[in-house]
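Both complexes shown next keep chain A, but they swap its partner, so chain B is in the first and chain C is in the second.
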Partner chain A sequence: MKGCYINGMGIVSVQKTFDSEFLSEVIVNETENVLYAQQPSYKEMIPPAMIRRMAKGVKMGIYASTKALEEAGIEIPGAIITGTGMGCVEDSEKFLKAILDNDEQFLTPTSFIQSTHNTVGAQIALGLQCKNYNFTYVNGAVSMETALIDAKMQLDNDELTNVLVGGIDETSSHTLELFKLTQIIKKEEDKPYSVLNSNSKGVVFGEGANFFALANTPNDTTYAKIEDVAIYSALQPEQVANFVTEFLKANNLAISEIDAVVFGNNGDVTHDGYYNVSSTIFNETPQVFYKHLSGEYNTASGFGLWLAANIMKQQQIPAIVKMNGLQKDSYKTILLYNQYLGKDHSLILLKNAKA
Partner chain B sequence: MKVAITGMGIISAIGKTVEENYNALVTGQKGISTIENFHTVHKDVIKVGEIKLTNSQLEQLLGLSPDNNYSRTDMLGAYAAKKAVEDAGISDMNDSRSGLISSTSVGGMDMTERFYYEYFEDEACQKYISSHDAGDSSHKIAEYIGLEGFVSTISTACSSAANAIMMGARMIQQGKLDRVVVGGTDALAKFTINGFKTLMILSDTYNTPFDNNRKGLNLGEAAAFLVLESDELVQKTNKKVLAYVSGFGNANDAYHQTASSENGDGAFLAMEKALKIANLHPSHIDYVNAHGTATPNNDLSEGRALIRIFGDNTPEFSSTKAFTGHTLAAAAAIEAVYSVLALQNNIIFPNLNFVTPMEEFNLIPQTTLKNKEINHVLSNSFGFGGNCSTVIFSKN
Partner chain C sequence: MDALKQELKSKIIEVLNLEDIAVEDINDNDALFGDGLGLDSIDALELIVLLDKDYGIKLTDPKEGKNIFQSIDTMAAYITANRTK
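Up next, the complex of A and B:
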């Protein structure tokens, strides 16, 4: 049956997710307000001279995309579509700082040419010598979701048989300082940090790369089928229930048919009210959260998708991500909801590929 | 399936309305000048396509309150998008399933570079911290035109707006949206001026696309948006269609992060795909609005790709960047407006400043204004990361 199947995944995250079993070595942080990605060894994939020149986001992207393609058995994808909220901040900062500190003189181009938002997608294409469609979406917390929407349209329309989709965001020192200044990032004195039942403003920041090799047919490695994706620019908290139910209605589903719902709660007391649907329409649904493991960043929802796809494949919810005590015998339909600062709301509907 | 264009809005160095832009194009008035709006040490050695309105003039034009945190990119974008929506005669953006797909390369960089260190000293400027990212600029534009729903942003360097048009057209074709405002916006910034300067591809004089002695590009700033609507919506509202998006293609050169391949592989593939989707033969193209940045590398690579597509029969082509400068993410959007104007007026805009043919081939751009029946215009835009895009606009 044709569709949009996740046949391979690759992830670099704050956790040791790159070479271990699904969530086998996770740590829940309560004391750091910025979490840095655990870096895998890149030397099998990237020449040493390039490893030194490449920013973290590019390396994480190359690693995660390679893993995803390998698992799905795809050599050259029909398209490479990436999403990033903040883009290549490391090189942007480096170049901007050099401009300002040296009064626009004595500059070298390397960090400038690596600063464009599409650098990761471009470097993956260059590495693979992939001359196909190559897009980069940069719209806050729906950057990766828009990439999924684009990919799914082209699979549904039979333009492509497979697509590489990924979300990448890296941290960089100056931007982190600015986020602390404006309390996007939680204050030191608000420790210990928690994602659920938090009383403090801001988030624990993270970074990572989450890649998905999608194909129009399932194979031995298929995790799940992406049934539908929707985004919405801005909502009031009380509008979320309607956003969800309209989306489910369009997919001929009732709330009761959702076997698990994955929420993007990030512990920001000013915006976690958006997830109040957890105690209303979803009060009888098994619930999952993940940003205590991933940290918050614009494409953290990619970690959520990776988690949900794994839950679908393994047919169980690990205790560490359970938001309530409910569970089901089988997980055939999983819904993900995420938002950031009240904006960029997204819904992703996953179905069991075998169903 | 073609997608109708029902409105356009633009602000560039050659005018803040579609009419002003058209008049400048037909009278050969270029908008390349010395930079005035901010200080840069390169002021006297570069020329730019600057919009001669200060930020406070733009704020006034938009009617923004003093506590706004719009970057210059945001203001240009909001202005052009609003004009496009007005041109399409839309009173309520949310009366149909509407979306916005904008594009930008610098986003709020103009404010970030101004306040980079000051942010830590002066609380008053901190409102601009959240204006840095590209998505924020699209949210502001959406709010300014009263749009809720599908809002997205594309950033693939200098092909960005072409890709926004492509994604928008696809969403209409697949029935995901009834109407979508597509385009791009980019303000001049020290960041990009110095970036291109270090790459040594900034001309110290007026840019000369496709000339053998070309010295590089002039950076510019601009914003432009098109309103795309489904056939159903066009029929329901009995709306005048300005032109159609009939084909599009994106390909990657996969050659180098910034340089284009010698034989223009990516450009060739993008044009080939676009022609295939439009179901057109190269001989159907009446005019090519070239990317033509006037850098040695681009014009050679693009020229070779044109020859690969059109053989000995390359139609009239010109780069309008001698008028506007290279406006990065917005370039494909302003050139989309110019392509529609070419279709509407059966006119080809001149490639200014051309003197000497390139030694590598005998492609000669159209250097004078030319009247000609025009049914299909092919517009190219290429960006860093090997990103190559082509959009074809058609009269019927």
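Up next, the complex of A and C:
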């Protein structure tokens, strides 16, 4: 039964997911082109002396990771592996702004210390006093998947029995302005925003922290088994079907054996073609989407993984994330496909832990 | 001097992001480090920058900081005696 099992999860997202039942309080916002994370109360979890220096991303990461470890019953993980596309951009902006505003003088240490990409992983380790393997992957929109691959390899090779893995990205005002200028973020006049059948460029941007407590054996809280993860740097839309079928072939699976497929459609008309596999090879498979709930960010696929793992555990797909009307009696094998700006393609294969 | 003390309290709260602490909560003779306000070495660096940026005082000897940053009283006295702006 050894493998890579999701035994605990913690999430802070633009939805009220941190303390509510699975998708019980979600809202689809079609009028904002930037969605900000719903912040839980951190005071019970983080000492006041530490919290005052933490940017939003660090706090979200600590909250989500603590919840994941608590659920899995892990006190000190064998490793802490994080993924982030943009890192602690809020403190990076503060530090760079201070350099400009003060003519390269009077630079204070706090925002500089907290501006590095590995701040979240480091602060989690400091809080836990965990001196084990600690690594942060900064690999665009496959940052979290890269962290997952590292974790899975260490579990598969019996180097560790459990690992804390997470993806985290925060928004920051200046970066958002730049993204609006370059039309990475949708224009105001493109409202109402939709991630399906959109005819406008850009995405609705979001932020969040998604953490997973993985272990090499299942327990009472197990959601799913991560069977395989694959990433690909750059593909043409017509190459996606081959990427998917080769991946399934390597896992001895046929398309018909996939019980649900979770797509990362983000409403960017320029790159929607990458999801054509939904109407070609997966036209008879129940389909799920989630970026209308999470917004787009480099580690948004963590929200997708959280969603898929919940679907696996609950054995049903909530109506709000259904892309088509198909459903199955049981969900034993779920595939996730995501890409961002035509790059950073990823596939994650989940299996029912009891299968 | 009293105006300077009030100003220092608000600046310290703002610069060090002391959540849940108001100007009225800090007494003029409260210890800033250790048992008092609980500031640490990173805060000390922030305070050194604050002296330089807002009052034109460059602390060349870090050992001086120990006495200067004892309390709002000691900070205000040192600023009054040494400020260049």
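Here, the second predicted complex is superposed on the first by the 354 of 355 C-alpha atoms of A that agree within 3 Å, B and C clash if a C-alpha of one lies under 4 Å from a C-alpha of the other, contacts with A are read in each partner's own complex, and residues count from 1 in each chain.
As a working rule, a residue touches a chain if its C-beta (ideal position, glycine included) is under 8 Å from a C-beta of that chain, and two chains touch if they have at least 3 such contacts.
Predicted model only: the values in this text are computed from it and were never measured.
Because the two structures share chain A, they can be overlaid on it, and in that overlay chain B and chain C fit beside each other without clashing. By the document's definition of touching, of the two partners only chain C reaches A:Ala49; chain B does not.
Legend: residue contacts after superposition of the two complexes on their common chain; A:Leu100 is shown touching chain B, with no touch to chain C. Touched residues of chain A were counted for both chain B and chain C, and B has more of them. Of the two partner chains placed by superposition, only chain B is touched by A:Tyr137; chain C is not.
With both structures placed on the common chain, the touch criterion links A:Thr245 to neither chain B nor chain C.
Of the two partner chains, chain B is the only one that A:Tyr232 touches; chain C does not reach it.
When the two complexes are overlaid on their common chain A, residue A:Ala122 makes contact with chain B while staying clear of chain C. Looking at the shared chain after the overlay, A:Ile113 reaches both chain B and chain C. Here's the short version: in the overlay, chain B gets within 8 Å of chain C at its closest Cα pair. Applying the stated touch rule to the two superposed structures, the overlap between the chain B and chain C interfaces on chain A comprises residues 105, 107-109, 113.
Residue ranges of chain B in contact with chain A, taken from their complex: 40-42, 100, 105, 109, 112-113, 116-117, 119-120, 126, 129-130, 133-136, 138-139, 142-143, 147-157, 163, 167, 170-171, 174, 176, 190-191, 194-195, 197-199, 250-258, 265-266, 269, 383-387.
Considering their complex, residues 15-20, 38, 40, 42, 45-46, 49, 52-53 of chain C touch chain A. Across the complex, chain A meets chain C through its residues 48-49, 51-53, 102, 105-110, 113. Against chain B, in their complex, chain A makes its touches with residues 80, 85-87, 92, 95-97, 99-100, 103-105, 107-109, 112-119, 121-123, 125-126, 128-140, 142-143, 146, 149-150, 153-154, 156-157, 174, 177-179, 181-182, 184, 231-234, 298, 343-344.
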